[in-house]
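Just below is one structure, and these are the notes that go with it.
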Amino acid sequence: MAIDPVVYFFGFGLIAGLLRADLRLPGPVYDALSFLLLLSIGLKGGVELARHGSSELLLQSVAVVGMGVLLPLLAFPVLRGLGRLDRSDAASIAAHYGSVSVGTFAVAVSWLASRGIAHEPYLALFVVLLEVPAIIVGILLARGWQSDLDWRDMGRELFLGRSVLLLGGGLMIGALAGGEALAPLEPVFVDAFKGVLALFLLEMGLIAAARLGPLRQHGLFIVVFAVLWPLFSAGVGILLGHLLGLSPGGVTILATLAASASYIAVPAAMRIALPNANPSLSLAASLGLTFPFNILFGIPLYAEFAQRLGGS
Amino acid sequence: MAIDPVVYFFGFGLIAGLLRADLRLPGPVYDALSFLLLLSIGLKGGVELARHGSSELLLQSVAVVGMGVLLPLLAFPVLRGLGRLDRSDAASIAAHYGSVSVGTFAVAVSWLASRGIAHEPYLALFVVLLEVPAIIVGILLARGWQSDLDWRDMGRELFLGRSVLLLGGGLMIGALAGGEALAPLEPVFVDAFKGVLALFLLEMGLIAAARLGPLRQHGLFIVVFAVLWPLFSAGVGILLGHLLGLSPGGVTILATLAASASYIAVPAAMRIALPNANPSLSLAASLGLTFPFNILFGIPLYAEFAQRLGGS
Amino acid sequence: MAIDPVVYFFGFGLIAGLLRADLRLPGPVYDALSFLLLLSIGLKGGVELARHGSSELLLQSVAVVGMGVLLPLLAFPVLRGLGRLDRSDAASIAAHYGSVSVGTFAVAVSWLASRGIAHEPYLALFVVLLEVPAIIVGILLARGWQSDLDWRDMGRELFLGRSVLLLGGGLMIGALAGGEALAPLEPVFVDAFKGVLALFLLEMGLIAAARLGPLRQHGLFIVVFAVLWPLFSAGVGILLGHLLGLSPGGVTILATLAASASYIAVPAAMRIALPNANPSLSLAASLGLTFPFNILFGIPLYAEFAQRLGGS
Amino acid sequence: MSPLHTRCLLTIVCEALLEPRVEADLTRLGAQGWTATPVRGRGDHGSREGHWENDGNVRLEVVCSHELAERIATHLHERYYSNYAMVCWLAEVKVLRPEKF
Amino acid sequence: MSPLHTRCLLTIVCEALLEPRVEADLTRLGAQGWTATPVRGRGDHGSREGHWENDGNVRLEVVCSHELAERIATHLHERYYSNYAMVCWLAEVKVLRPEKF
Amino acid sequence: MSPLHTRCLLTIVCEALLEPRVEADLTRLGAQGWTATPVRGRGDHGSREGHWENDGNVRLEVVCSHELAERIATHLHERYYSNYAMVCWLAEVKVLRPEKF
């Protein structure tokens, strides 16, 4: 089937970026796009949460948080052992890959929608749940319990960060107000979603292009990791989704979340908590490689597996 | 009945602001939102003005301007006498409360629409008419006729200010072009209105939260004034609306306009014309208290009274 | 028939600008509007290109590029001889008028649409094709072949410039994805188009007003040129369109493109390639006069002629 | 290498709202040019974060003669300091074109 | 003409992410005010173009006593220089209100 | 307290359009870093308000040796002054890390 057109926008941005063309939207516009994406995802998730919430969901949530703790714990030794990275860099990259990318989530949702594949509509909740645990694990891996880190300060940073708050606030408003009351807001938060996502991806393409340069300095290991690790963690996500009884669409989403790597919340947190980790290394991997890989190849692949597993 | 969902956005912003979370949209985006709101309100009002304009409207306009002159004249002695504020502060606050808040107007319109309560659709005209008179009264109260104020300069400031001009320009374009010709513009100026309002209110919540701090320094009087005065002036608005023969929806709007306090045009004008008035005092009252009070409690209350009066 | 309402927005901006009112949208918002316009035009053109592309189109394209080369060659001697402008200024203005204005194109498309006049829907392609040739001709006219200009650098500037790239990228994405796949993006790229254009024109009105001042310093010739030359080049466009067998709507568009003068891509390129040309002279003409002239009077006039010619 | 000439750089930081007024003052007092930057800041008038309408600062830089710089600074002091958020400072700089500043 | 007093202008350019932390340091060390500007830049940590979230710089200007300026600079040096993109420089300036800075 | 070393702060204000070219010049002439700010301004080339595409200025600050600063200033003078809106000025500053600038 045809490629989702939002992916063309990413490709366009990527090519323009590689040609060093100045196609950049001004910072405030980029901010507004990501603000709108996060809030829209939250609102939609919140409406569905209020509609479908159940005790089952509580169990699922716990399991998903567990996955967010487990994945960086698994990635860390690989990065240390095979990659020979120092403690901080390994912990920082583990945190990036244990957390999630909202942009990748949005592409997966759009991909499923354009193919008419249903999924549990409240999965935006999992995005919020997966943002933070990996960051905490990453910090502990690098600095241990006894560190002099100001955890109160860090906690504010984590739980009052832009993406957690916008997703969480959206979920709350969506759940409180309900779909009917929110109908007049749909032109901005629902109908415009895919256009906004397209513009956002165009920008991400430009930014990703700028991240490919540093990649060359960091050797082959990180390139291989940025492509293979998502496959592994997607496998974990598929298994967990299957165990939790999600639909094939839902399994695809969970796999995509597991496979995706943060490039917004985690880099900011790591810069403060692990200042001697190299930010350009982790961003080159998560944004320069894993993000494009997931939206171009990963999502269709995960969906394929999810559906086979679902069909059996 | 349920709360209008745009109010949740305000509440979300307020809470995020009180938690000192950085949810701020960049300045240019805030500017664009308020630009769009003002222009949309003007356009819609202009279309209706051309459709329903009548000689009766002229009388109504004069009466409404009269209210804009009267209210600050009534507020001033209260602020001087009971509040023991100095001349400049009293005059400045009187001007704030005599003028209007476009955001509050928009919430009232949205509130009525979501309840299916009709109102005279050309009332945006009153917003323009009420912006300026109170400012002039305020300046005269503080500085008298003989002052060395450069009135030509001040006049430019007042009548060529952003909100007067955007509302006025919108009214004019709306009236000239008519609803049919403007139909292709509706996705941006009409359909998006409530979503834009929601985003705007989210920001206003953040800004209002930052204004609550200074409030504590200014003592109880201003807090009481910021809540009770709107009730009084809403009463004046309800009476006037009733006398002018407006529908219950229209009376609600006029009451809301009377009760609302400016937090954009007036602060800027006062800063220039009455530089020794304390801007944080008047903003804390109008933005930190009166604005939330009106959109959370005031509007439903005024509507209740308006309907009772209309029903009798 | 009634004036297209987007023109009222331009008029509003122009008047506000002449009154020196501060109605300016922040730079980033202006950038976003023009970004969106260019991309939307490209996307729509691309979809139609894929649908209607033919070998005939190739011939048309070559002819249109030929017109882009011819027009500045004709304008140059007029500017030198009648206008007594120096070599650089004449070449720079010739380049401005040989290239095109996307804003004018958008108004023409909107004008035709509101009157239900059909046109070949792939004409956005011609906008891309006409952007660059005139710039190259202009540089050669001023500096000759042997100049020390860094053509590689200049080439990047020209073909990787914002407008060429956004139009071209839009065309490509539109052609690759096709109309059906792009349907979910329509709320942003199609439905919002006319509202975005209205806001853009409001800004252009403000900017044009600021350009009228310098005009006075430059004497009568440039004023006359800025109004008469478009009539001449529109004539060339009408003839060419007729010869190429375009529909009356298509002829109108081609005439408008011929008559329009660039005020974005060309000024930037000229500033670098012909630094001693006076930028305020060419901008005053193209933006202060020709742009308003075309959208207020030119387009209806060209359409009239196009239809008469088509009817005969 | 061209010779360098000593001039004064006057930096003014004040409420953005005042920009048109201060710029009119600059012109009137004889400044031939300036550079303006939107900024944020903190001072005795609290935190001015520029998050909305009237809440930002602007930073004006004027390169001119010492004499003019002091004249401007004194004028600003008298006219604005008591009622507005405003600071200014002077520094010595070198320029290439003495006739321009 | 009012007399002018000598003070120090400390200019700090660093990753925008650090702004709240550095400002807290400024307050703690005794600065009474500062001016902040979002900027871009290039240096040993590469190009910081401010194109997205964490990729911009901020420029903080503090007018204060020489002694305080040096204290702040030394503190920044110790606390941030090894891990973060940051530079700072000091310059002599004149002010009208010595008690304010 | 670490010892302070004297360097030069070169400030360039010019048409935003020139930024890539001037930055290439800076790199070529040997500057190791700079800070860029979008600004507006007024001067002999009129008012440059940055309201749209090519109409803004940029302010580049380079801390470097006196010698390099003068070399850059002279180069800019020769290459750009006659055709473009541009000014620059030099000032003495102190830094902590002499090897960096």
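Read from first to last, the chains carry the letters A, B, C, D, E and F; within each, the first residue is number 1.
In the analysis below, contacts are C-beta pairs under 8 Å (C-beta built on N, C-alpha and C of every residue); 3 or more make two chains touch, one makes a residue touch a chain.
Because the structure is a prediction, the values reported are computed rather than measured.
Common neighbours of chain B and chain E under the contact definition above: A, D. Common neighbours of chain B and chain D under the contact rule above are absent. Counting only chains that touch, the fewest steps needed to get from chain C to chain F is 1.
Contact count check for A-E and D-E (C-beta pairs in contact): higher for D-E. For the pair chain B and chain C, the fraction of shared interface numbers is less than half, so the two copies use mostly different residues to meet. Chain A and chain F, compared by their mean Cα positions, are separated by 40 Å. The mean-CA centres of chain D and chain F are about 19 angstrom from one another, to the nearest whole unit.
Of all residues in chain D, those that touch two or more other chains are 37, 91-92.
Under the contact definition stated at the top, the residues of chain A that touch 2 or more other chains are 26-29, 187, 192. Across the assembly, chains come into contact as A-B, A-C, A-E, B-C, B-D, C-F, D-E, D-F, E-F.
By the touch criterion stated above, chain A contacts chain C in their complex at residues 2-6, 8-9, 12, 16, 19-23, 25-29, 110, 113-114, 187, 191-192, 194-196, 198-199.
The touching residues of chain D, when paired with chain F in their complex, are 1-2, 4, 7, 9, 23, 32-37, 63, 91-97, 100.
Residues 15, 17, 21, 46, 50-54, 56, 82-84 of chain E are the ones touching chain A in the complex. Listing the residues of chain B that touch chain C in their complex gives 26-29, 31-32, 35-36, 39, 156, 160, 162, 165-166, 169, 172-173, 176-178, 181-182, 184-189, 192. Considering their complex, residues 11, 13, 37-44, 57, 59, 70-71, 73-74, 77, 81, 87-92 of chain D touch chain E.
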